[in-house]
Amino acid sequence: MLILEANIDDTTGEMMGYTMEKLLQAGALDVSFTPIYMKKNRPAIKLEVMGEEENHDRLQELILTETSTIGLRIRKARRLVMKRKSIPVETEFGTISVKEARWKQIVKYAPEYEDCRKAAQEHGVSLAEVYRKAEEACHQKEEGKK
Amino acid sequence: MLILEANIDDTTGEMMGYTMEKLLQAGALDVSFTPIYMKKNRPAIKLEVMGEEENHDRLQELILTETSTIGLRIRKARRLVMKRKSIPVETEFGTISVKEARWKQIVKYAPEYEDCRKAAQEHGVSLAEVYRKAEEACHQKEEGKK
Amino acid sequence: MLILEANIDDTTGEMMGYTMEKLLQAGALDVSFTPIYMKKNRPAIKLEVMGEEENHDRLQELILTETSTIGLRIRKARRLVMKRKSIPVETEFGTISVKEARWKQIVKYAPEYEDCRKAAQEHGVSLAEVYRKAEEACHQKEEGKK
Amino acid sequence: MLILEANIDDTTGEMMGYTMEKLLQAGALDVSFTPIYMKKNRPAIKLEVMGEEENHDRLQELILTETSTIGLRIRKARRLVMKRKSIPVETEFGTISVKEARWKQIVKYAPEYEDCRKAAQEHGVSLAEVYRKAEEACHQKEEGKK
Amino acid sequence: MLILEANIDDTTGEMMGYTMEKLLQAGALDVSFTPIYMKKNRPAIKLEVMGEEENHDRLQELILTETSTIGLRIRKARRLVMKRKSIPVETEFGTISVKEARWKQIVKYAPEYEDCRKAAQEHGVSLAEVYRKAEEACHQKEEGKK
Amino acid sequence: MLILEANIDDTTGEMMGYTMEKLLQAGALDVSFTPIYMKKNRPAIKLEVMGEEENHDRLQELILTETSTIGLRIRKARRLVMKRKSIPVETEFGTISVKEARWKQIVKYAPEYEDCRKAAQEHGVSLAEVYRKAEEACHQKEEGKK
């Protein structure tokens, strides 16, 4: 996995927002902005883009085209990723898929954001309420299997 | 005292830095940038400018001319300011003026930044070393008077 | 105009993002997050929502429903807003509407983000290129009239 | 309720941390630090302290004594606070008190941080697990009453 | 020395604070949070944990258990650390230990935070006053030896 | 190219500003401050300095002398930099040099900040206006050559 970084002090917030959108569309694994202070009292943004090695040309090109930076730093990153499995659970707000993540003896459940968002809008309840019901259903299912 | 505020997501860091310089030249008491997150994934800056009431037209005009904001918020602010007095102290790095601030029974000493900066450059010592010597000299002077 | 504020240290980033979306849908004039540090080493977010007085119940309810805050601060804000007019301009990337903002003798032009975004996607050019062409066309039009 | 604010560019992080601790001990309702950029490339902190009117002298004195600021801004703030009630719930990790917050038809439950923290440490489970069990127990209790 | 990093957008500030506490208890050399902006308007936190190689399993496990992240990045870091020595100095506020740090011809003194904090509380003086006295005593001691 | 990093929680904003100035004078390629949260509720700054390998002793010494850090992290960074050429363009505000940056088929123009700043001050126009005129002149020149 590669990380592309650039400190940018002469691109507007509007264009940075657009750049994030394009990078994600182009397959970036993760895009983040970090507020930083640069010389001459310039508030700036450190752009960090995570992508697969084979995709880095496309990502590099996008950064150099859509932002004002004239250079970027490239470094390899070793990543540890938990084993993920998607588990559909039934709730009073319909079916929600929950991401199960396992690593050694650690098990975690995280309801899928987009499913919960849709259910919250449709049923007029808070997003937190949908999350809670999805987590509850998932844990009952897991405890049932034990 | 007045505070002028604007959330700005379409002005570059370079231009924000220039705006701060112009505002301070125009007599702003204090200018600060706060990194904020705005809609559409836009990293933005909340500009805050403190100025005297009679100077607010000039400051307002500068904000509207040098940044892309099309509006700004204005609020009055009640300020408590300690009584200040400048005390020259002798140090091995030459004379440094120290700001004494008093309020009720609270007394504080803060060496003048520009004096210390010049002394540090001339004598090839760290800025912290000059600060320390100035503070020491000032406290000896004050304890001497007690 | 009213500003609603809350310091929030027990709501996730996912839910804050959803809250911003709902607030904007509900007519908030502006929503911003400011990263702050709170007690017990908690990284938190100061939520600021700007809205019309007659809309503040709806906005208040959303903040209390979708985030974990159990209170919020309300203050009136005096606003200065430049006179705005939308000017369509012809560019090689099609028609782009440009926002003209006037206040006293200050005149500024800002191309409409969504128009530029669509044109950039369709014509496969950078967003900056579309912005530049729109600004140029607009200034030629204004200088033509003078 | 009063809000005391000061932009501070010449106090160290260690002393700001100590100041927060002292302010909370002295009864401040809320203390937050906001990272800001100030003139001469100075990374600074905007200190915000919320306190009751009758306590503001003590808080003001602490700010002026423990930080380098020589002034501070004071403003009144109108606050809306939900009605709160503490509900003890039984979980497999012992008794946890849950804060119920009500305003009009909005009801929210938030497990008490310190109870959960203690339970997580004692039972060697994640804090999230204790939160989840406490929320579940609380909702069963509430749904039972309906 | 190893650095473990994760961008986290679905863990609350309360849980991040708890995670920092647990990581430091487990022997992390340094733990820091950096406020970042992630996709879908999510305010997030980049967690950075510095630890010895032989301790990284324990730290890794804690991050995956106490936060919602399902992965983390690991990189080796080359560190330069000054030679440190603890020097007790006598002050009117009791004995304070001062950390002396040396590297080549650079010498620096930094009073021990916890000693100064205790002395400030006991003697009812500002933390800055204790720091200043400790630094003064230390420099007199060093200049005495020269 | 080398990157030197240090997390600093016991140096004031004034001294960090001075350190940035000294580092840039000493030939650092880029210096940035990132606001971070550290233990014991300390607002801190991550200092990042980019420099050539042969210059790193001087930069290292400055960091250890002017800030309170007793250590720093050093890592190599692979950099991609676009080919740059300076193009003078004539505008109604005098001659402005524009930096042309090329990489593969990507071409970008960025007016030189200091030239624009001087022109804006002399001719009493906004910095944005000078930028716009310089960009326009540059593009006409480039389109003329095609």
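For reference, chains read A, B, C, D, E and F in written order, and residue numbers begin at 1 within each chain.
Methods note: contacts are C-beta pairs under 8 Å (C-beta built on N, C-alpha and C of every residue); 3 or more make two chains touch, one makes a residue touch a chain.
It should be emphasised that the depicted structure is a prediction, and the values quoted were computed from it without experimental measurement.
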### Message
Keeping to the contact definition above, tell me which chains border both chain B and chain D.
### Response
A, C, E, F
### Message
If you average the CA coordinates per chain, which chain's centre is most distant from that of chain B?
### Response
A
### Query
Over half of the interface residue numbers used by both chain A and chain D, so same, or under half, so different?
same
### Query
Given the two chain pairs C-F and B-F, which is bridged by the higher number of C-beta pairs in contact?
B-F
### Superposition of chain D upon chain F: rotation angle, C-alpha, nearest 5 degrees
180
### Query
Using the average of all C-alpha atoms in each chain as its centre, how far is it in Å between chain C and chain D?
29
## Note on the structure
Per the C-alpha means, the centres of chain A and chain C lie apart by a whole-Å value of 23
### Summary
Expected list for chain E, residues touching two or more other chains, is 10, 14, 20, 33-35, 37-41, 43-44, 65, 68, 75, 113
### Message
Testing understanding: with touching defined as stated, what is the shape of the graph linking the protein chains, line, ring, star, complete or other?
### Response
complete
### Task
Please give the residue numbers of chain C that touch chain E in the complex, ascending.
8-14, 16-17, 20-21, 33, 35, 38, 40-45, 68
### Summary
So, in the complex, the side of chain F touching chain B is made of residues 14-15, 18, 35, 65-66, 68, 113, 117, 120, 126-128, 131
### Task
Please give the residue numbers of chain E that touch chain F in the complex, ascending.
1, 3, 20, 24, 30-35, 75, 77-82, 84, 99, 101, 103-104, 106, 108, 110, 113
### Summary
The chain D residues in contact with chain A across the complex are 35, 37, 39-41, 43, 132, 135-136, 139
### Query
chain F touches which residues of chain A in the complex?
7, 10, 34-40, 44, 46, 60-61, 64-65, 68, 70-75
